[in-house]
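Reading through the structure tokens given below for one structure.
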Amino acid sequence: MTKATEVISPTSADEAASLFGDGSGVTVIAGGTIVVPDITYGRVAPGKALLLGGAGLDTLDAAGSTVTVGAGLPVQRLSELAEDVEALAECALNVADYEVRRQGTVGGNVCAGAAGDAPRGDLQGPFLALDATARSAGAGGERSEPLEEFLAHRKDRLLLDLTFEKPAASAFASLDYPHTHAYTVLAVTGVRAADGTVRLAATGLAGHGARLRAAEAAADADAAGAAAVGDVTLGDDALASAWYRERALPVLVRRVLAKLGEAA
Amino acid sequence: MKAVGARLPRYDGIEHVTGRTQYVDDVKVPGTLWTKALRSPHHSASFSGLDTSRAEAMPGVHAVITWEDVPLLEYGHLSALGIPADEPLLAKDEVRYKGQPIALVAAEDEDTAQAAVEAIGIEFEERTPLLDIRRAFDEDAPKIHQWGNWYPHFEGEMDRRQIRKGSIEQAFEQADTIVQGVYRPAAIEHVPLETQVSLVVPEANGRLTIYSCTQALYFSMGVVAAHLNVPLNKLKVVGGTVGGGFGGKVDTATETMCALLAQKSGRPVKWRWTREEEFLCSSTRAPWHMEIADAVTKDGWILGRKMLTLHDSGAYARFSPYGLTKHSFHHTGAYTIPNLEFDGFVVFTNRVPTTAMRGFGVTSVSFATETHMSRIAHVLGLDPYEVRLKNANRIGDTSPNRIVYTDPSTVPVVKALAGGMGVELAPDYAAMDREQRTGDLLPEHLVGQLADPEDH
Amino acid sequence: MNLTVNGIAREIESAPLTTLLDVLREELGVTSPKVGCEQGGCGSCTVLVDGEPQRACLTAVAAVEGAEVTTVEGIGTADSLSAVQQAFTHHYAAQCGFCTSGMMLAAEAYVQRGGTDDREAIQEALAGHVCRCTGYVKIIDAVAAVARGEEFDITVTAASPGMTNLGGVQ
Amino acid sequence: MAVKQGRGIAAIEYPTGMNQNGDPSQAWIKVKPDGRVDVFAGTSDIGNGSKTIQSQIVAETIGVPYDWVTYDNSNTDSSPVCTGTFASRATFVAGKAVEKAAERVRERILDIAGKELEIDPSDLEVVDGEVVAKGAPQKKLGVPDVAAAATWTYGELITGTGAQLKPYAAIVDAETGEVDLPPHSAISYAACAAEVEVDEETGVVQVTRLVQVYDVGRAINPTLVEGQIEGGAIQGLGLGVLENCYPYYPSVEHRGGQFGSYLAPGFEDLPQLDTIIIENPSADGPYGAKGIGEMANNAQPPAIAAAVYDAVGVWVTELPITPEKVLRALEAKAEPVREGKRVTFDAELSVNTVSQGGIAFEVPA
């Protein structure tokens, strides 16, 4: 199996970026929790595999008012941010299970596509609500841009890190089956920035996670819940239907806003 | 020391906790070939132009089999019970469910086997699938088998499983209320942690050693022997240690095909299903459709039950006629209901064949009848424990097919449940036992069904 | 490539993206990690990599080059069972046994990192491990008992909490 | 949040052994020259513990310690016929076969011991690996000595076979379903109460407690009985609220192909379990045992369905009771149709609504 694959293991972020090049023909393996099964099941046949484990991307810097999360940071380690960004830590601990969170990376989660029959990419929600900036490498060199823009072309780029300002408060609400190996059906993250701005984002949608701008602009929690449905495209998958998500999304928005109120 | 009743450790407990228990996949035989299947991508289709020549010519490929390689193509899992065969081991001319195996390749490694599968030529003509058992009887429904859309061979001639006892018409007439409802439990996967797997080793003496995860060594041996048309002394099935079954490993899913590949290649052949194959192509618990109408009195006696059951068998019968018969025998649940009219059909659809699973045939009917029982209690405004105790089967009562109950425990278990829940039963109910009916517990409608428990 | 497997240095010949699971089972003949799903979803293949539990099916062997890998064969033998192995025996925490190796290694790591006998904490820690046989009750009992530092008589098995036997009742 | 609590119950029965019987199991046992006992049977152990249970039955029946027994079910060359491990038959049917074989072995041991001790075999019994004269316990001979005598003195192999087969119960009237013989080996009974919490806004059902009662006939190994009951309980919970191969049944779209999308219950789904065992012995089972392995997942779904109704006032009768089905039911607020004395639930699901004239379920009003 995979005998023809060229495997390269960069030892720095710069080397990783340069080996990634424009990304064509490169299969990135960070934690491996998504791509290794794809290789096993024959859905991905890497010509050139970039093994990121030793590239030094597993950084976490939260010393000041700004937080920078390296793309190679294991998802589990976001729990260290529980005091600064409760919602991010809560969302992270909601991903998969202990072993998979230790192995899977923030970058892999943020860049994940749908699993085919279930949504993935739970961390997109909190990072979108935090208005994070994504720094990535790829065609045209290194680039920093809002995560929202990065998500649209995430498959073509190598995420290096995510940076955001520590919020005043944050909250997370999700619909998931209690056992953690199921994907999250639907989740909403809310953030109140230091300047009082409230930002909302959802995952479990038809595409990748999305900001809920109409909901953010609404007058009260009920109106926000109703407006959120217009912010997103919902789909059917193995876990739930669009019909169901349409009814559950306003509930989660209201719950997040209520929690943010409590956190005030 | 007494052995029976003792909390002794598992016979194989130390092997389990030291990782030494040997499951089929742990058996390593040098030179073993890997197997991959060409499976139907369609729920229903005819096919033509099956061409394995390119696959066979690929380096590393040692055997490819199709229906033409199977001595006995169709073998009924329950032929001993007179249930005729309907399922080919490998599809011939048509496929009736997505995932149905059409051809198999044995090759040096997994990638080569998969590449060879992709090199097999075939052309499909897709057909409209039948998926809703409630539509199977309609004139415009797609037709699945030459038999039609439901199984016609109960007792050789009946197209349904039927139970008749007493007079349902009279029960409906005498009823104060008729409670009617529909119950539809889902198809579920068995989810054994060990997926379907076998390894077949051709021995120098001409025998085949079949390492199998089967729940039933002799049953699987019989199935393989029938397909291969060999006597039992040509086969040795090795197993008995299974990584979870729950009914799904009563199917002989891989053994016969590995045996054919081993015969053809002269090499040991293993086929271990991926988890995706296990989830998407393995047989499931059946979805059922059950309709019940119970004739009840205002004080909670059930005078009669009319019931219609449609059993979604998927594309082939497998054990479904057996399961439906068992279902019909238990459609009164833990109660005595003297007037019965039950009709059940094994209905074919273009989904993965369904098979035995824990509680086969009865899990469905327990859900339907017990949810219905709760509804009856609510409709009548009665206590759910009392309705159950009142109608509970007792010594001397008779079952739907007129077998006398000799040791029913419905009354003891319901009373114990009330105790466990801290529910205080009314004195009449708290005093009940399972002995033969007398007095208030023997109303007129239950006299006729009584029998002598000594006649058991 | 090199790995240390259960304390023994091994040279690895498999291709670098071969899963650690395939390396252990097919190349090295260490069969206690089981092929349950190869999707990371069942936990049957879990091994300890440098002391921490990891899904062998999600791990390209090149990603753990040089690591210390421990399987159940490395935590105890029939003659000297580890506390977790004794607990799983005494508490009847294995039925078909297929999930057991991965389950025990996750339990081993949980106890090693100071996990307590809190049932919810155990459920959370082992949540990635599917067992279809036991209903999990006795597995939790076993791990909790190890966390409490209990000693085990493996010639008998323990009753589950919440069990009552009424004997014969008419 | 609006979380409502509810309770519901169910009582069930389940047949042991294949329906209509006709399913043989056989065993043979031989005794080594030192008295150790080898059992050969064809019953697959699928985790249920049949190796353990059958070994216990043999130890008890012969009268030797459990750890004297080896059990071999590994292949069809040495093992006699067993129809298989299903239909809750591994203890009841196959266990009866080993019990019968062990009785033959015990008789042979007593015969040979009788010769050695010069006591009539009917005055002997086997206790803890020793043949003892009834009422005169000082007169005894170890089973190892008996086995040695058989081997070296009498030139005999102590062996025994056993077979269990209840005759096939034929349906003698296809119209009524009447059978000529009991179609089961025994019937087991159980009851279950479920406690649930239902989130009215999201429809999420959490099963918080299951109280269960099982009449097991006789618990040959109480720990293994618990294992069956606990494992069954969580499978029943899966049936009730989680699992579905076809989330949009009868459509075949969106089948879950992995553990993330097929919802098999996990550690964190486990509710509080309280279990009560009753032992009303079966007349025919080994030591009074009944088979309860399969029924262990049958009582929870109807108890959960009734509990959901108790909590939020809607009947969800299509399993599993997913959040979506609860919300749809709450939105529909469907009341049964009342016509005459007929109260009709779920009319929208009925063949009367869906079939285009092919099949009907006619009930008078």
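In order of appearance the chains are A, B, C and D, and numbering begins at 1 in each one.
The working rule: a contact is a pair of C-beta atoms (placed from the backbone, for glycine too) under 8 Å apart; a residue touches a chain by one contact, two chains touch by 3 or more.
Because the structure is a prediction, the values reported are computed rather than measured.
The pair with more inter-chain C-beta contacts, choosing from B-C and A-B, is B-C. Mean C-alpha positions place subunit B and subunit C at a centre distance of 32 Å. Note: centroid distance subunit A to subunit B, computed from Cα atoms, is 42 Å.
Centre to centre, using the average C-alpha position, subunit C and subunit D are separated by 27 Å. Along subunit C, residues 37-39, 41-42, 92, 96-98, 124, 127, 129-130, 132-133, 157-159, 164, 166, 169-170 each make contact with two or more other chains. In subunit A, the residues touching two or more other chains are 1, 41, 179-181. Chain contacts: subunit D has residues 45-47, 49, 219, 222-224, 232, 235, 255-260, 262, 264, 266-268, 274, 276, 278, 280 touching two or more partner chains. Contacts between chains leave no pair untouched here, as each chain touches all the others. Touching subunit B in their complex are the following residues of subunit A: 1, 41-42. Against subunit A, the residues of subunit B that register as touching in their complex are 109-111, 114, 274, 276. Every residue of subunit D that touches subunit A in the complex is listed here, in rising order: 1, 201-204, 206, 242, 247-248, 253-263, 265-269, 322-324, 327-328. Every residue of subunit A that touches subunit D in the complex is listed here, in rising order: 115-118, 175, 177-183, 236-241, 243-244, 247-248, 251, 255.
Considering their complex, residues 1-3, 5, 7, 9, 29, 31-33, 36-37, 39-41, 46, 49, 51, 53, 96-100, 102-103, 179-181 of subunit A touch subunit C.
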